[in-house]
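As structure tokens, here come the structures.
The following pair of complexes shares a single chain, chain A, combined with chain B in the former and chain C in the latter.
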Partner chain A sequence: MRAAGAILRKDLLVELRTLETVPAMALFAVTVFVVFHFALDVATLSGQLAAGVLTATLLFAAMLGINRLFVAERDQGGFDAFLLAPVDRSAMLLAKATALFVFLVVLELVAVPAFTLLLLARAIVPLLGSLALVLALTNVAFAVIGTLVSAIAVQGRARDLVGPLVALPLLLPALIATARAIGPVLALHGAAPPGRWLAVLALYDLVNVLVAYAVFDFLLED
Partner chain B sequence: MRSRRCAGSVGSGLSTDRPAISISALARRFGERTVLAEVSVEVPAGATLAVLGRNGAGKSTLLRILATLLRPHAGRVAVLGEELPRRGWAVRGRVGLLGHEPLLYRDLSGRENLRYYARLHGVAQERVEQLLAAVQMTARADEPVRLLSRGMVQRLAICRAVLHAPDVLLLDEPWSNLDPAAGELAQSLIGADCGATRVITSHDPESALAEADVVLALRDGRPSFVGQPSGLDTGAVRELYA
Partner chain C sequence: MITISTALALVFFYAPLDAEQGFIQKIFYVHVPLAIVSLCGFVLGGVFAIGHLRTGARVWDLRSYCAIHMSLIFAVAGLITGSIWAKASWGHWWVWQEPTLVSYLIVILLFATYQPMRFSIEDPERQSRYASVFAVVAAAFVPLNFIAVRLSVAFVHPRVLTLGGGNLPGSMRFTFLVSLLGIALLFATLMKYEMAAKSARSQMRALRRTLYGEDSLVAAGRSAAPR
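Take a look at the complex of A and B:
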């Protein structure tokens, strides 16, 4: 835990210094919402269509963060320095996934209000609790899968291509569950997210956390 | 707080009879290319091994194998009595690597970098301040690494390599980018009297031989000489770099 805490602290400090990742993610999301606002031939969105737009936008914004997750380690020798330390390799997984989760939360703090303002047919405040629950579960999926995929991609060539090519299919179950869970929440009369889809998301997160923990060591070793 | 370990066997748990580094018929490939082949050498605890050879001879690869960053493809490698790669986990934290790259995050300051590595290695933060003072970097320690000169970065990299008081130091051209004054400062940390078993590579054969207890000369990944420095004459050194 000490090692994971040290890596997380370092990552958050680097991001605060450089502002290379989170602003880019937020700007991308807001830009997409602006495009949809003018491109879709409807004044406002609700229900499943709104859920689809929000989910897809968050997905592609998350990919920006995923692609950059291990860049400093690759370019500045952080991998080697970490491998020289007498710590559990899974500390890197925990730290990076947590950092990505934090970046996604900050992204959503910007993206959800922008989405509400530009596209949503109703006020967001009464829905915040339900929406936050679904997005939290989705963020876990993005964080875990994203960390695994980023660790694979960063060590090869064409890493900016490999990341999305591998991550998008793996994230498909989470994306479907997210969109189906958020749809009723964003409907005109609003409803709680269906328990079935929340359960799918939670189970998907649990399985991927276990798989990630099992395989991550091998991704870092020669 | 961890104290600096003394030379060789004292404090390291290593028998004075067992070499700190033992390599037998080591081989390593990258794809079709053989980078190291039939490399064998033993380094007693507390001694210095100088690895000589032209660019591409396999020197850095050898250091990375000893650091457990690369796996040997053949042969036997043991560091501090632990066979690699099977027991690599037992060696990590007891080996310090100073490679071509400083392994410092450019957007963090020197102090922040060292504090990060101190947390990773479970070393007290006071050690960071001690090392910064030892290399006279305290005044510049809060500037981002990307703004520092190469010599200053090398000093910080030396601090990083010795932060956890390793028993074995792997030094890939350690004196590069250091002016004479900085080199003097670094002597107490990575010099011959620092107490650790050292493996040094250098493009300056004379200075390397002056520090060495054992010499390994590599030519195209294969050993062309293994033994004491006195056994390697000027002609042989010239031929090695021809």
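Take a look at the complex of A and C:
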């Protein structure tokens, strides 16, 4: 547990000092909103379409974060150092997934207000609670699957290609659930997120956490 | 012997064809077994991968790779035959409202990434290990994906695909079961062929290496393919 905390602290400190990943993700998200404005040729969005645009943007911005997640470990011998330490290997999974979760939260703190300003047809403040709940569950799915895929991809040759390629199908059920959950929330008259989709997201998160915990150790062997 | 059984099963397949009405419907005997066998093959690939991760023996990784490779081919064939059937009977090549089709497509997309991912890793032992990890995750994904996609189709929308398993009259059911058996045997046969070919090639390369030294080996096709 302490090892995971140490790695997490290291990652957050590095990100805070270099500001490599998260600003790029946030900027990317805002730019994609502009792209969507032109691609769809609409001034405002609401309902399912708005949910789709938001979900897709968060997905692609998360891909940037996933690509960068293990690069420092790979290039600077972090994997070897970790293997030498007498700690449970799942600590790396926990630390990296939590770091990615934090990055995604910061991303959403920028992207959701930007989305409201640029594209949303209604006020966001009454919706923040439900939106935060759904996005928290989505972030867990992104974080766990993203960490797993990033660890697989970073050892290969075409890591920036293989990462998103493998992550996208794995994330599709989470995306379906997120978009469908947020759809009613962003509708003009607003509604609570359907419980069914929250349950699907939670179940998907749980299964993926268990599977990732089971297989991650094999990724770190030398 | 397996080949002979496959051939017999396929011959049987042709015999009761005259029991149905509507020629187009017969492609169902190819399409549904292909889909079922490919999905089972994907899950089997994951099971073999668990075997590889637990024992470290390379033969499990070979089995896992061949199972997934074969299943991918069968799955694409299933997709194409399904599309042909869809066009012939519903008038559309593809429908989004049908959860089985969409979840099948997502599974195919996932397993299509298996080979690019696998061959991007050069160290052979690491490649086998990472491929097994992927196979396990992907096999766990198959049922989850089906549930998620199925839930996304509104229940009020009429099911376009009306195939009640219990509605098959006797002769059709028999034909279906026989063709299912035939496709399953075909899968097993092809998988055994692929495994035999790969084993033979790896043994020959090991022999060449011993006899002629390291330099006599030319990288065979994809140098990182499991040997």
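Throughout what follows, the second predicted complex is superposed on the first by the 220 of 222 C-alpha atoms of A that agree within 3 Å, B and C clash if a C-alpha of one lies under 4 Å from a C-alpha of the other, contacts with A are read in each partner's own complex, and residues count from 1 in each chain.
Going forward, a residue touches a chain if its C-beta (ideal position, glycine included) is under 8 Å from a C-beta of that chain, and two chains touch if they have at least 3 such contacts.
The model shown is predicted, which means the values in this text are computed figures rather than measured ones.
Engineer: After superposition on the shared chain, which partner residues are touched by A:P169: those of chain B (first), chain C (second), both, or neither?
Structural biologist: In the superposition, A:P169 touches chain C alone.
Engineer: With the two complexes superposed on chain A, say which partner A:Q155 touches: chain B (first), chain C (second), both, or neither.
Structural biologist: In the superposition, A:Q155 contacts chain C only.
Engineer: With the two complexes superposed on chain A, say which partner A:G5 touches: chain B (first), chain C (second), both, or neither.
Structural biologist: Once the two structures are laid over each other on A, A:G5 reaches chain B alone.
Engineer: In the overlay, answer first, second, both or neither for which of chain B and chain C A:L84 touches.
Structural biologist: Touch status of A:L84: first partner only.
Engineer: When the two structures are laid over each other on chain A, which of chain B and chain C touches more residues of chain A?
Structural biologist: After superposing on chain A, more of chain A is contacted by C.
Engineer: Which partner does A:L40 contact after superposing on A: first (chain B), second (chain C), both, neither?
Structural biologist: In the superposition, A:L40 contacts neither chain B nor chain C.
Engineer: Based on the superposed arrangement, let me know which partner A:L219 touches: chain B (first), chain C (second), both, or neither?
Structural biologist: A:L219: touches chain C, not chain B.
Engineer: Quick check on the superposed pair: does A:A123 touch chain B, chain C, both, or neither? Answer first, second, both or neither.
Structural biologist: neither
Engineer: Could you tell me if A:A191 is touching chain B, chain C, both of them or neither one (first, second, both, neither)?
Structural biologist: A:A191: touches no partner chain.
Engineer: For A:V200, is the partner it touches chain B (first), chain C (second), both, or none of the two (neither)?
Structural biologist: Once the two structures are laid over each other on A, A:V200 reaches chain C alone.
Engineer: Which positions of chain A sit in both the chain B and the chain C interface?
Structural biologist: 221
Engineer: Which residues of chain C touch chain A once you look at their complex with the stated criterion?
Structural biologist: Of all residues in chain C, those touching chain A are 53, 106-107, 109-110, 113, 116-117, 120-123, 126, 129-130, 132-134, 136-138, 140-141, 144-145, 147-149, 151-152.
Engineer: Which chain A residues qualify as touching chain B in the complex?
Structural biologist: 2-3, 5-7, 9-10, 13-14, 17-18, 72, 76-78, 80-87, 221-222
Engineer: If you look only at chain A, which of its residues touch chain C in the complex?
Structural biologist: Chain A residues touching chain C: 148, 152-153, 155-159, 161-162, 165-166, 168-170, 172-173, 176-177, 180, 196-197, 200, 203-204, 207, 211-212, 214-215, 218-219, 221.
Engineer: In the complex, go through chain B and note every residue touching chain A.
Structural biologist: 67-71, 89, 92-97, 99, 101-108, 112, 116-117, 119-122, 144, 160
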